[in-house]
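Below, chain A partners chain B and then partners chain C, in two separate complexes.
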Partner chain A sequence: MLKVVLGIVTSIGGFVEVGSISTSAQAGASFRFRLVWALALATLCLMFLIEMSGRLAAVSKHTLADAVRERFGFNFHVVPLAGEAVLDGLVLTAEMGGVAIALHLLTGIPARWLVVPVALAVWLLLWFGTFGMIENGMGLLGLVTLCFVVAAMKLGLPWREAAGGLVPSVPPDHHASYGFMAVSILGATISPYMLNFYSSGAVEEKWKESDLMTNRITAGIGMGFGSLVSFGVLAAAALTLQPAGIQVDRYEQAALMLPPVFGRWGVPLFAAALAVGCFGAALEIALNLAFAMAQAFGWNWDKNQRPAEDARFSLVYTLAVLVAVVPILAGVDPLRLTLLSMAVTVIVLPIVVLPFLVLMNDEHYVGTHRNGWLGNAVVAFIVVMGFVLALVAVPLEIMGS
Partner chain B sequence: MDLVRDLLDKQVRDRRGKRMGKVDGIVLELRKDGPPRVAFVEIGPVTLARRLGPAFGRLMQAIDVGFGVSDGAPLRIPLSKVRDAGIEAAVDLEAEETRAWDWERWLRRHVINRIPGAGSRL
Partner chain C sequence: MRRRAVALLLAIGLAGCGRSPAEQLSTALEGVLSWIATARTVADDWLAGRAPRRYTRATLQAALESLEQERASLTSAPRPVADDQIEKALPLIERIEIAVARTWDAVGKVDPAAVREQRQALDGLESQLRALGARGTTP
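== the complex of A and B ==
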């Protein structure tokens, strides 16, 4: 029971990060509830994928990266590995930028300088902390993000309009940016790093087939709750920013969605939620990169060892944090970087997910716990749809802006 | 046994259960009187890089030698010493003491141990 609760709390923390907050805020501010379908589809896909990666770990005792290298060989594995490394780097930068912006909202100090203490804090926790401490601590703090759901409720959520958003309706103008937002939402929600991270946690905790039920519940309810927060952001933006004609081009504008409900606590609350969400995600992404590399090359990886015991593992996250600071210090806008990384995510997603689907149908790995046709179909459909949408919408958006 | 499916790219653990490396390569022995047989498995970055192409192999070799990490030769383990542990392969060696951990030792000495707190956990 405790395991389930912790799992769910962790998923809320893991779900809410710079990408989901910024894309949901933009979607709500620009298109009210017209993109709820994208969030719903992406959540459904993520639930299936997370359940699968837990099942892979529980039955085959392999993490996703271990299984891909073993099943497809190293020469294939370098492709998704390189894709994930680039993506993790981009997203890590965006997350640390997100924390820096949140601190900027509170202090007024320029975000590009704040990123240095942020990176240092991320690294110190990885260097000195343990896996359980990081996961559970960030998960609990992540509950602050529920403020968006409270805000949406207090603002009088128009249920009928929100439910209507489950059916795509392209607005008469702004086709390209509507498509681009849909891609961004898919990319923000279905983060490839979560798959390997989740399976690594499951292998480390030595999940067995008897844990499959826990896994299913955690994946379903946890991702459901996480997506509820994203929906809260979208709704709060739709109900406050959209009527005021505010488009979210900067985080300062997104922060304006909470003051109508929480008064002068609104902006600090937004900043706290953004900071906690992004900080937790930054820790997970840096760790995941180290997991992915260690599993690809067979190094020892154990988050509870001292850094000196796993030198190669510790070096990967250390370098990742160092490199990720550079773009923000150089003055790249974190919000633009976030949107870029969401689009890149959707393009990289098929090369990560398609081999995963093969594994989930291979008796060698999952025995009798193979995927049903529904799981395969849902995931393949959403990933391919996202990919096609991205190929169409990304160039249009770049030309348009 | 299907070599590529069941042996190549498998995780190898050492005597203490530490992850030692992956089966990066397989060395076959040609025999006059009979089919070739697997003589060794190899663990090492140069062996692995060579699978991507000879140029990658040379590059990795140059990096290994250039940094003074090793002479680029992989760890070779006779197949008879490799135990099939189901999901993974196990060998009766100490990872720390083998070539498979050349980089681990080098990075520990030259990088990680120079950062404060490398030996501690909260």
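== the complex of A and C ==
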């Protein structure tokens, strides 16, 4: 029971990060509730994929990367691995930039200088922390992001209009921007790094077949409630920024959604939510990059071991954190980087998801717990959707951002 | 059939990669209006004690930088289509930048009266910008 509750709570706390905050804030500020359908669709896809990642790990004792390498061979595995490495690098930079921006909102010090202590803090926690401390600790702290849901409620959420957003509708103008936002929300929510990270966590925690129900509840309820936080951001932006005529081009503008509800605590709360969400995600992404590399090349990768016992694994996340600092120091805008990484996500997504179709139907890996027709249909849909979105993502990025 | 669908998607994607000068002007003015609203809202929040001083100044600084960028993008835009409107918009944007810079200064000096004065100036400048045909996003 405790495991289930902890899984749900950390899913809620760990759901929101730089991509979901920025895309939801932009969507709400520019299109009110018209993009709720994109968030709902992405959440549904994520629930299925997370459940499959956990089921694969619990039954086969393989992480996703491990299973792909073993089943398809290294020559195939190098393609999703390269895509995920590029994407993880981009998103890691954006997340650390997000923490630096949060501190900038409170201190006024330029974010590019704050990213150095942020990177040091990320690395120290990765080096000295255990997997449980990182996953559960940051997930619990992440509950501060529920302030967006509270704000949406206190602002008088128009339920009928919000529910109407579940049905896709085209706005009268700004079509390219609308399309780009829809792609960005899908990219921000269905993060490929979450799939391997989740399965790596399940293997680290030695999940068994008896944990399949916990897995199902965490994936379903946890991710469902987690997406409520993203919805809270979208709704708060729709109810405060949109009527004021504010589009979100910088994080400073997004922070204006909370003072109408929380008064002088609004900006500090926004900064805390952004900082905690991004910090937790930065830890997970750096770890996932190390997991993926170690699993691809057959190195030790237990996060609960001392760094000296899996030196190459520790070296990967150390280098990742170091490299990710450079673009922010060079003055790259974290928000623009976030939107670029969301477009890259939809390009990488089909390559990462395609192997699910084979792995989740292979008795060697999942035994009798194979996918049903619904699971396979969802995976096929995500792959097709990913390919279509990959074709339009870059032109939309140019036109709509 | 499949080739046609792929070609159609590519065509839709690539067709909009270029923007006309009129569209550039419209996008830039939309951005300017959004930043005026931002400066006005953060100034109101500061006056009401809802926004910390450092955050208020950081936001006004961001507004100033973004307005400069919008003006630079209009200055470098090809002129034949929207020449007249761009010529009228540029000095207005410059005056908006000055009003935002003065608000930034007034917040630094904790001078609420000066902030109110610049806030009113922003209202007037916004009206003039809207008279040029500028409009914000409408869902």
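Before moving on, here are some points about what is shown:
Here, the second predicted complex is superposed on the first by the 387 of 401 C-alpha atoms of A that agree within 3 Å, B and C clash if a C-alpha of one lies under 4 Å from a C-alpha of the other, contacts with A are read in each partner's own complex, and residues count from 1 in each chain.
We take it that contacts are C-beta pairs under 8 Å (C-beta built on N, C-alpha and C of every residue); 3 or more make two chains touch, one makes a residue touch a chain.
Remember, it's a predicted structure, so these values are computed and weren't measured experimentally.
In this superposed model built on chain A, chain B and chain C occupy separate space and fit side by side.
After overlaying the two complexes on the shared chain, residue contacts for A:V267 are found with chain C alone; chain B is out of touch.
For chain A, the partner with contacts to more residues, out of chain B and chain C, is C. Using the contact criterion defined above for the overlaid structures, shared-chain residue A:E205 touches neither chain B nor chain C, since it reaches no partner.
Between chain B and chain C, an angle of 130 degrees opens at the CA centre of chain A in the superposed model, to the nearest 10. By the touch criterion stated above, A:E161 is placed in contact with neither chain B nor chain C.
When the two structures are aligned on the shared chain, A:T130 is found in touch with chain B, with no touch to chain C. Of the two partner chains, neither chain B nor chain C is touched by A:D362.
After superposing the two complexes on their shared chain, the closest approach between C-alpha atoms of chain B and chain C is 31 Å. Contact residues on chain A toward chain C in their complex (touch as defined above): 29-32, 34, 104-108, 171-174, 176, 242, 244-247, 249-250, 252-253, 255-256, 259-260, 263-264, 266-268, 388, 391-392, 394-396, 398-399. The touching residues of chain A, when paired with chain B in their complex, are 60-62, 66, 69-70, 73-75, 78, 127-130, 133, 294, 297-301, 304-308, 311-312, 314-315, 318. Residues of chain B that touch chain A in their complex: 4, 8-12, 18-22, 24, 43, 45, 48, 51-52, 87, 95, 103-105, 107-108, 111-113, 115, 117-122.
Chain contact summary for the complex, chain C toward chain A: residues 6, 9-10, 12-14, 16-17, 19, 30-31, 33-34, 37-38, 41-42, 45, 49-52, 54-55, 57-59, 62, 66, 136-139.
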